[in-house]
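In what comes next, subunit A is part of two complexes: it sits with subunit B in the first one and with subunit C in the second one.
Presenting the complex of A and B:
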C-alpha cells in the first residue's frame, strides 16, 4: 500500500505520561473491556458461538498484521487457516494427540507452508502478490480435496477433544471456552506487541516507502517474509483451534471464499487499526450466524458490504471511530 | 490404433483437444484481464462472474426470447459489456486515484454479489444449453473423433484473440490505447477523451469474458459457479505470462491449456495443480513472468 491519504490513522505510541507496558490508556481500557466481554459473554450467549467469534478474531488480526502493517494483501489466507485445521484435526483424531500438541502441530504446519508460499509470493508486488497467494491457496484447496487424510468432501468429522496436557478434561463447552480464551488472548497480545515493536515500525516504513527503506539499509524482503510467516503462523493457530471447537475440519476452511471473508473482516473493521479486525470479525461471524438460513443471500450481503466499504468508508468502522476521537485505535 | 509413449493415440489427442479448449478459455479470459489491466491498472476480479453472466444471458435469450446461438454470440458481449460500462462509470472510476488493491476488493465484492444473485435465482445444479444445429456431430479425422462444436470453439477463440491483437497493435484506435497505457495525461493533452477510452476498454474486456461464456455454454453446463474457480486458474495464467503483452497472454493461455491436457494423460492426479506448480517455477526463475516487463 502506497496511498498516503489512508495512512493518517496509523498510530504511534503517544508521548506524554508513561503508561503500563507503554500501552496507551485508551488501548488498555479497550483491552480490559474485550477481556471482560469474553469472560461474561458465555453467561448470556452460546459459548460455541463466542468461541467461533474468538477464532475468527484471531484469524482476522493475524491477517491484518500482514495487510494493515506489512501492506501486503494476501488473498489466500484460507490456505493457512484451513491446512492447520486439517493437520490439528488429523493429529487429534488419528494419532490421539493432546489438544495443545495438535494445535502446535497445526500452527507449525501453517508456519512451514507460509514460509514456502511467502518466499515465492514476495517475489511479486501489489496486485500480483494478491493473485499469487490466491493461486497457491487454490492449489492447497485441490490438494485438500484429493489428499488421502483430509476426507475429501466430508472433511475430518467428529474430532475428539482429548485431555488437555493429558490431565484436564476439556470435553465440556465451558472448559474448552477457557482454553480457547487463553490461546486467543495470548496470541492477540503477541500481535499487539509485534505491531508496536521496532520490527513493527520497520514494517510500517516499508509499507509507506519501500524504496527509501531499502536505501536506509533494511533488507526489505526479509522483513516481508518474516511478517508473512508470523501472519500465517497465527492464522494457523486460529484454524487449528477452530477445528477443536467445531470438532470438524472441512473444505470450507481452505476455500477462496474464506480468504475473501477474512479480507472483508479487516476491511470492514479498519485495516490500519489494531482493533478494527476484532470488530470486523465479530460483525461478519454474527451476520453469518443469524442469516445462515438465507442461503446465497449471505454472499450477496457480503459482496454488498465489500462494495460499500470500498466506495464509502475505506478506513473501516474503527478507523472512522478513531478519526472521530482523534486517537489511534 | 497406434500408440504414442504407451498411450493410445485417441486418448492422447482427446486430452490434447480438451486442453486446447481449456486453453481457448484461458486465452480469452487472460486477454480480457490484460487489456483491462493495461489501461485501468486494476485486476478485474469480476471477470469470472462476467464470463458466467455471458453464459446465462445466452441461455436467457434462448429460453425467454427464442434468440438462437449465433445471435447470442453478437448480442451477449454487447449486453454484458454494457453492464460492465455502467459498473465502470458508477463505481470503478471512483477508485483510480487510490491504491490499485481497492479495485481488486471492489470487483471481488461485485463478483460475490453477481454469483450470489444467480445462485438464488437458478440454484447450483446447472442449466443445459444445446449445441446449435449447424455444429452438431463430429468429424472422424482417422486418428481421432473431432466433435464439430469443440473445433469451432478453438477456431473462434483463435480468431477473436488475434483480432484483438490486431486491433490493439495495428490500428489507430489501438495506438491511442497503447499510448494512454503509457501516459494518460499526455494522450489527454492531445485531445483524446481518455476517460471514455478507459470506459470503452473496460466494456470491451468484459465483452470478451461474456463471449467466452457464450462459447462455453454448450460445453459446460450453465452454472452460477462456473466462473469462480476458472478465474483463479486464469490469475495463475496471468502471473505466468505477465500482463505486459497481448500476444503473451494469448500464447500463455493456449500453452498452459495444452500442458494441462498432457498432464491429464500422463499423471492425472496432478492435472488440477500443474498450472500452479508452473507458476511457482516461473516465480523462481523469471519473477516478472514469461512475457512480462519488470515493473
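Presenting the complex of A and C:
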C-alpha cells in the first residue's frame, strides 16, 4: 500500500480506484446490480413482496446509519417507522392528501419526533441510551394504541392510493412499484453519501474514539443528534412508504419487536458495512414471507439464525465477505 | 512573575470522589513557553489534575484560568477550541482510520466542512498535503496509508502528537507520553517533544525521571492530591519530602 502516490485523494484502504463521482468501482458495480435486480425483479417476483423488501431495506439502512456509523444502538426505531406510517396513512385517508405529501408529512413527523427523543437520549451512552430509546418507543406505542385517529387494535386500514402529484394514477402495483423504487433508491443514495461525506468522517472518528474527538474540539453531542435525526427521518420515510404499499398502518409497525427486527437485520448483514443492512433486511423479509406457513416457527428460525450469525460471523454476512475480499463493502 | 507570563493557572483546584479527595487544593501555574512536568507516585492525582484542567472532569472547588480567561465552567470541546489540546495515557488514535485520515480529522475540525453530509468526502482531499506534512514531521510517512491499529505503540504516540499538532495548539497537555515505550522510541518522542516545544507551552505527566530531567523547565511534585514541591530538577531531586514520598521514610 505504501507505493501509492501519497498526495492522491484515494480513501485507503479503498475498494478499488475511485471514479470521478468519488465512489469506488466495486461499490458502483454493486449499486448497479441492486438497481438492475429491482428493475427486473417484478417480472419474476410478486411486486408487493419486493416493495416490502425495499421498504425494509431502507428502514434497515437508516437504522444502521445510526448504529454502524454513529455508534449508537437505538432500541426504539419502530417508534419512528411506525409513527410515520400512521401519519402518512391518516393523511392519505382522512385528509385525502397525495402520496408524495403523505410520505413527506410522515417523514417530517419522524424527524420531529427524532429531534425530541434524540435530544434527550444522546445524553446517555451504551445500554442506557438503548433503554432510553426503548422507553420512548413504548410511550409512542401506548399513544398509538390509545389515540383516537390510530384505530387502536385495528390500525388504519384501507389507506387509499391517491393520485401522485394529483395527476398520476399509481393504484396499479406496477405504477406504485416505480414510485417506491424511486423513493427508496434516492434515500439509499443519500445514506451512502452521508456515510462517505466529511460529516461521515467525523462520525467515524467519534465512533472510534469519542474522548479523543472531544479533545480535538468536536462538540460530539451535536453530531450524535444530527445523525440520530437523519436516521429517524429516513426510517420515517420507510414507514410512511410502507403504509401506502400495504394500505395499512398498524400496531405491528410501532411494536418493540419491530425495533428488535431492524437490529437483527443490521447485525445479520453487517453493521459496519454499507450494503450489509440491505442483505440483512432482504433475508429477514424473505424468511417471514416464504416461511409464513410455518407460523410461530419463523420466530424460532429467526432466533436460530441470529445466534448462528453472532457465533460464527460477528461482522455479519457482508462484513465477512468484505474481510474475505479485503475491501470495505 | 506577571500574570501575562502565565498561560495556565489553577487556584485551589479540588476534586472529591465520593468522600475521597483525589485532588486537594492544588495551585498550579504554568509559564508561557515552558515545558512543565507533573510528577508524583501512583495515585497522587496527576491524571485527575489533567482531567480537571482540560475539563474532562468538573472540579468540586477552585478556578482555572487559561490565557487570562476563566475556563472553570467550559465544556471539554471548547478548551480544545481555545488552543489547549490534551493527549491521553492510553494512546488516543482512531484505530480504523488510516494515519493520514487520523491527522485529517484534526485539520477538518479547524477548517470546516464538519457538517457537510451532502458532499463526497473527496473534498477532504484538499487537506491531504498538509496532513502528509504533519505525518512526515513525526516520521510516519511510510505508514500514511496504514490504519492506525497496525502501528506499533511508539508510532501510535507519534501519530497522536501529529494529530494534536495539526490543530496548532498554543498549549499541549501530554499524559505520560513515554509510558510503556521501548528505549529507542523514548528517545525519538523525547526529541520530538523538544522540537515542538518551540513557541509552545507543554504540560506533561511523566514517570520517566530522566526524560523529565532532560526536558522540563519546571517540575511540580504531587503526592496524595496535594502539591509537595515545585522547582527545577536540581531543587526537586534534593528535596527531602520528595525523596520521602518516592522512596519512603527512613531513607538516608
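Observations on the structure shown:
The working rule: the second predicted complex is superposed on the first by the 312 of 329 C-alpha atoms of A that agree within 3 Å, B and C clash if a C-alpha of one lies under 4 Å from a C-alpha of the other, contacts with A are read in each partner's own complex, and residues count from 1 in each chain.
Basically, a contact is a pair of C-beta atoms (placed from the backbone, for glycine too) under 8 Å apart; a residue touches a chain by one contact, two chains touch by 3 or more.
Only a predicted model underlies this, so the values are computations on that prediction, with no experimental measurement involved.
Shared-chain residue A:146: touches subunit B; no touch with subunit C.
Of the two partner chains placed by superposition, A:250 touches none, neither subunit B nor subunit C. By the touch criterion defined above, A:85 lies against neither subunit B nor subunit C after alignment on the C-alpha atoms of chain A.
Of the two partner chains, subunit B is the only one touched by A:128; subunit C is not. Once chain A of one complex is fitted onto chain A of the other, the partner contacts of A:74 are absent, as it touches neither subunit B nor subunit C. Of the two partner chains placed by the overlay, only subunit B lies in contact with A:136; subunit C stays clear of it.
Common to the subunit B-facing and subunit C-facing surfaces of subunit A are residues 1-2, 6.
For subunit A in complex with subunit B, the touching residues are 1-3, 6, 73, 75, 120-121, 123-128, 130-132, 134-136, 138-139, 142-143, 145-146, 256, 260, 263, 267, 295-307, 309-311, 314. Against subunit C, the residues of subunit A that register as touching in their complex are 1-2, 4, 6-13, 18, 21-23, 193-194, 196-202, 204-205, 208-209, 211-220, 223, 226, 230.
The part of subunit C that touches subunit A in the complex is made up of residues 54, 56, 75-78, 80-81, 85-88, 92-98, 100-101, 104-106, 108-110, 113-125, 128-129, 132, 141-147, 163-164, 167.
Of all the residues in subunit B, the ones that touch subunit A in their complex are 37, 42-43, 91, 94-95, 98-102, 104-106, 108-117, 119-120, 228-229, 232-233, 235-236, 238-239, 269, 272-273, 276-277, 279-280, 283-284, 287, 295.
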